[in-house]
Amino acid sequence: LRVITLTTDFGYKDPYVAEMKAVILSINPNVTLVDISHEVKRHDIYHAAYLLLTSCKYFPLGAIHVVVVDPGVGGLRKSIVIRTRRFTFIGPDNGVLFPAAVEDGILEIREIRNPILLRRKVTSTFHGRDIFAPIAAYLSLGIDVKHVGPRLSIGEVRKLYLPKAIVIDDNTICANIIHIDNFGNVITNVKERQFADFLGKASFIEISTKSARFVVPVVKTYSEVEEGSLLALINSEGFLEISVNKGAASEVLNVKRGGKIYIRRKYDSAF
Amino acid sequence: LRVITLTTDFGYKDPYVAEMKAVILSINPNVTLVDISHEVKRHDIYHAAYLLLTSCKYFPLGAIHVVVVDPGVGGLRKSIVIRTRRFTFIGPDNGVLFPAAVEDGILEIREIRNPILLRRKVTSTFHGRDIFAPIAAYLSLGIDVKHVGPRLSIGEVRKLYLPKAIVIDDNTICANIIHIDNFGNVITNVKERQFADFLGKASFIEISTKSARFVVPVVKTYSEVEEGSLLALINSEGFLEISVNKGAASEVLNVKRGGKIYIRRKYDSAF
Amino acid sequence: LRVITLTTDFGYKDPYVAEMKAVILSINPNVTLVDISHEVKRHDIYHAAYLLLTSCKYFPLGAIHVVVVDPGVGGLRKSIVIRTRRFTFIGPDNGVLFPAAVEDGILEIREIRNPILLRRKVTSTFHGRDIFAPIAAYLSLGIDVKHVGPRLSIGEVRKLYLPKAIVIDDNTICANIIHIDNFGNVITNVKERQFADFLGKASFIEISTKSARFVVPVVKTYSEVEEGSLLALINSEGFLEISVNKGAASEVLNVKRGGKIYIRRKYDSAF
């Protein structure tokens, strides 16, 4: 059973997700469909890229990942398939597939052009159903990716990079908030290795937002601090995360996805 | 693998969806379950009928569509199965199945009566689990529909019709808003063919709501107008849709599902 | 095909649900995954316990139920597997599995300890993905539960009991509100048998909340009263439920989950 995953901003109050699944199952009834999310924020390719990047690597070898967050549907942007070391990514050429594909190692990029592998009538407003769903279904049946259309060089596709945390000086990192999760955990782009090197033997960090400063212990798990207290840890995705035990750090810090914070090394909890 | 789809207003904070799936899988573990939506507005059979009508046709031949939007559960309304050219529809006889079934071509209607095909104890508050789920599961196993209960004539079931757009004069259509989607797109009941005949060589329409008028270009896709601008197009379901490129037309027009708008043909963008 | 169910408070805006499913499918691609809910209120083990208790019994024999509502993740709480007469329950030892497991009949409890059955790197913040998902997948492949780790006695695990309704005097029950559903139905812990004994030949009850009293008919189904009117019935889960026909009883009564109400037997509708 091949796995096809779906990531969209469609929600579940409309028929769109069901239509995509219906098209896929009509072509390959033996596929396993997994929803990564249909609650991507409307048109937010950064949100979708983050979900795909963090989750795709856990899927079985050969999984096909379809993303439809596509504000430019029907315009000039291309429709593409990216084959990587372990997976196949399908979606609009707006960068949304890029971070996940790069991390897995891009082998080949194709522009979707072959009308035989699409729905007979391709609308200009719903490529998820008319282009990406049938392509995913045919590839899940074992059709070679060369049939979808001509090769593109990496120079021909849109890039999207998650920002990198910047070491400002020996003592300070400028980090970006790349995601705030359902629990209010504030996830930064500081990676495990980078953070370990930075932290050294310190066991606290000072976090500066636009309007306030906090000194926070660096721990392994939420319950090491009292309920309602701030903490920092390397989370399950390998990123530095600022959290509150049984609370929402995003509210305590008063920050949003996309914001910046400055992180300084501290050897004790004093301000 | 037979497909059974589910459309309900249950949401996911309660055990009801899981109970239906559990009952189905207990009878036929080899079925493919697809959620069309569990976020139908509470008791809103028009919303459910729209989702079913628009999405059901993409499913594989033989798919079984179960709908449980059922404010009259346990009362006098019948429980029915409608067999159409390609599908089987199961649900309460409140009209919710009707538009989709009519469009596919009704072959046979049965009232659900045979207690052998139901859960042993049928509650009067959850027919989705106790009646519709087991009937769907048994039919997916190949049991003949004649076993569910006696035939009903089409005169004996509740009808529900989506309103039809009315051509008022050579120059004006009165349209109904049949759905507003997650993106704020305003979907009317004007169909592709009707609109093409009406529009002729004009390339704009004037839209009159209760409180305002807008002149809008008729285009093929969202990105043909500037971000934030209104447009009209035939959408992926074949209906006339009023949209805003990367915005929410429902907010700009200030309209709701069920409302009326008047559409006039225009040859230029002047008011 | 074995069924694995998932119940979490993760929502669908994060990659966490997808990561769990990905891990499961990587170990056993032939499993049927069913979402009981991912909309459990954040950290609310009572909500999760209610969903599991009410829905698990409808699943096929041998179903594996995974629950990840786990505010103490990474702390001292154990990770456990409970084998019952018909099912296997997997989750944190915080009581969330307990009501459902007790009701089905506990046969054996194991602490999860065997690193060979976990992900190679177990993070301290996401046991759902790193511990519970792989254990569920391996058990679904037929691995004997004895391999997960040492036996625990029932005295060694956390208990959680749904409160019991108390008969205060011949005429009065003190009931707890154990759930309010998507329709605003107020579900109490008064069970069918207990209520029948209490009600006798009466056909009304008086409900006292903190701030008001209501006299309500006891009926079989919602549509027996006028739209907008209160009613009481034994619901599809076997609990006494206070409802409003096509309305939300929780708003009319102004009550919340966890609150108490007093119920008195009445022979007519007079106050």
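For the reader, a short list of remarks on this structure follows.
In order of appearance the chains are A, B and C, and numbering begins at 1 in each one.
Here, contacts are C-beta pairs under 8 Å (C-beta built on N, C-alpha and C of every residue); 3 or more make two chains touch, one makes a residue touch a chain.
Note that the coordinates shown come from a computational prediction; the quantities given were computed from them, not determined experimentally.
In a homomeric contact, the two copies may use the same or different surfaces; for chain A and chain B, under half of the interface residue numbers are shared, pointing to different surfaces. Chain B maps onto chain C through a rotation of 120 degrees [Cα fit, steps of 5, range 0 to 180]. With centres set at the average Cα position, the gap from chain A to chain B is 32 Å.
In chain A, no residue touches two or more other chains. On chain B, the positions that touch chain A within their shared complex are 1, 3, 5, 32, 34-40, 47, 50-51, 54-56, 58-60, 63, 179, 181-183, 220-224, 233, 235-237, 241, 246.
Residues 9-16, 18-19, 21-23, 25-26, 29-30, 33, 42-43, 71-76, 123-126, 129-130 of chain A touch chain B in their complex.
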